[in-house]
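Some structures to go through are shown next.
In the two assemblies presented below, chain A is common to both, partnered first by chain B and then by chain C.
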Partner chain A sequence: MRALVLAAVAAAVAAAAAEIAPQDRHSGYDFAGPDTRAMQDDDTANPGMLGVLQGETLWAAKTGAAGRSCADCHGDARTSMKGVAARYPAFEPALARPLDLEGRINRCRSEHQGAEPLAWESADLLALTAFVAYQSRGLPIMVRADAELRPFVDLGSALFHRRQGQLNLSCSQCHDDNWGKRLAGAVIPQAHPTGYPVYRLEWQSLGSLQRRLRNCMIGVRAEPYDYSAPEAVDLELYLMARARGMPLETPAVRP
Partner chain B sequence: MARVLINLPARAKRGELIEIKTLIAHPMETGYRLGPTGGAIPRDIINRFTCTYNGEEVFRAELFPAIAANPFITFFTVATESGEIVFSWTDDHGNTQTEVRQITVE
Partner chain C sequence: MQKLGSAPSRRKPSADRIAGAVAAALLVSADFTAIADEGSLRPYTIVRGSIPASLTGAAGDPARGRAIVLDRRLGACLLCHTGPFPEERFQGTLAPDLSGAGSRWSEGQLRLRLVDAPRLNPDTIMPPYYRVDGLTRVGSVWREKPILTAEQIEDVVAFLSTLRD
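Here is the complex of A and B:
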């Protein structure tokens, strides 16, 4: 009997594990409740906009040994940063690796401003990232899966489909196979990174995509990757490639 | 100075009911949480919000712990005359942040 049940489970798992067809893709917005959606839709009620405003101030602030602001080099973010977040993580030749938006901003701080990189999840790094990503709001995700990036997309995909943690679950088992169903009080979304940094009500603050991934890893009792670890960036890249064509919503609001 | 977002119509008809929405960046630390070393994180909340319309108080709220970070307060008032609408938030340290917006009533 037990063997039969196991065989049935194995068959079910094998039958699923398919990728979500493009026309069936949904942003986390579609799974959120009406109050959360209303909060995201109204810029004066969306607490993520406070971060965008802070980022706008930081954009113009001179800092570091070079005494230069982001604006000194990049000018008006509304034009220079339009569409940038939609194609991150992007390949950085000097590192021979992809860099995510936070990594890129911190690289500008260290390479171009002569300043210390900002700490991950610090209010300032979240604010700058939100401000830059906000310039792409409504634009389709356009991450390139060209020859340079392809190997890293594949690495991220492998991580997404690999079982892990004490619960021995892969990301894909929840987000490809069981989206729309409930996990305790939460609806399982499809894990599209369309709104990052997001204002998450549970956090009562803005948070990065990497923070969100850490939450899911801790949820299956796996050891989360360190912030900016190569695995974390590969996973971000895979998720962005998987969400290709979906519009960015930054700053989104999530439960 | 904390970041603030205020939304109210720049113009209104006399006697019109207008909705005012306010959002301010604040951690609203309850005082009940423990920090990494086990000690209580001191309470730090906005405890009072007021709105005056040409000097007359039209809305006031007292806030308590258990109100989420970045408090969002919305209310209605009647557009009576052109002038200044002043918003003030006061926190546990006694600091008050004030913002002023103009409204034209015709």
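Here is the complex of A and C:
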């Protein structure tokens, strides 16, 4: 029994040792080259700002059977949406599980606007999400790891640490254990979801965090999660909890 | 899936961006022709940290092996490793340099390392190139297929054996 307890403690210490200490955390921004950073820093050069502007227009547009706009209920986003993205995914009592920001926005469409949910990775959903997240730019990530969310954070953590795919690699083996090293030409970042939706140069468009996770899963030749699958949201939640306290940068620019 | 270079380029590519795009190509590559199609794996015997006998019964071809090591969709070794490959600008820094591997290891040790590296070190990040069981959530196009065929493993073993200090 005592040996078992000791083994459990040793395992916990080993797992903790692989985690990145708070003072060593870096946004993907720090790993990007000077051109990419300059693009993010200058709103007039940042292509993600086009999405934010498009989102602002959609915010005010009446839609659905209810004929109401986001603004009709939520007013000025600069105040009503300030800090909201920094604490998503958040627990949704009606579903008894977390919802990410895209899921929340789509729920407002179906529950409150009487409209069809927007398709994942559609320009409109990305624009609305970017516009809402932009209202938290510079604010620290504040996902609540309370009793309701904790089990889902733990599920996400298990997925992050599990080897998968034909290449048999966990997220953690690259992003906790080998960040800063080069995978062929690319520096491995720490996988902090500080800038989503991001404008990715390789995509030539805005994209969601879920799209980014799918890319990494396909990279290790694993079957990616469907958009808005519970596992995908749990993983997003874990990543946000892991990045707690880091400032949001939406819309970030990444290679 | 993103096809690299299919979208019109908005900006002059910078070195930073090319490096990112190259790695991205690896990370999202799903070239169906590159998939090893082995109905069932050839049996092999491990003797003291090595697989002494060729998986195919024949010796591999070092020139083909070199090409497999360099190919991003086949060996993809340079994702992690560096090595004596002056033509490849983007090499990984996650693993030891392959120069001299043929002096450090016997053919049989190299074969086991390729076939199932986690057998030598359970924590290694090096993928098992000739194993299909004990893996999780393998993408449907790759399921039940080893990363390399037995012939390809032998070609790579033959090539690595030529890397002498």
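In this section, the second predicted complex is superposed on the first by the 238 of 255 C-alpha atoms of A that agree within 3 Å, B and C clash if a C-alpha of one lies under 4 Å from a C-alpha of the other, contacts with A are read in each partner's own complex, and residues count from 1 in each chain.
Please note the rule applied: a residue touches a chain if its C-beta (ideal position, glycine included) is under 8 Å from a C-beta of that chain, and two chains touch if they have at least 3 such contacts.
Everything numeric here is computed off the predicted structure, so don't read it as measured data.
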Touched partner set for A:Asp24, first chain B, second chain C, both or neither: neither
First (chain B), second (chain C), both or neither touched by A:Thr44: first
Touched partner set for A:Leu183, first chain B, second chain C, both or neither: second
Chain B versus chain C as contact partner of A:Leu167, first or second or both or neither: second
First, second, both or neither for A:Gln54, with chain B first and chain C second: first
First (chain B), second (chain C), both or neither touched by A:Glu111: neither
Contact breadth on chain A, by residue count: chain C or chain B: C
Which of chain B and chain C A:Gln204 touches, first, second, both or neither: both
Common interface residues of chain A - those touching chain B in one complex and chain C in the other: 47, 201, 204
Footprint of chain C on chain A - complex, ascending: 32-36, 47, 162-169, 173-174, 177-178, 181-186, 201-204, 215-216, 218-219, 221-224, 254-255
Touching residues on chain B, where the partner in the complex is chain A: 3, 5-7, 21, 23-25, 27-28, 68-70, 72, 74
Residues of chain C touching chain A in the complex: 1-2, 4, 7-8, 10-11, 14-24, 26-28, 30, 72, 78-80, 89-94, 118, 125, 127-128, 135-140, 142, 145, 147
Touch list for chain A against partner chain B, complex: 42-45, 47, 49-50, 53-54, 201, 204-205
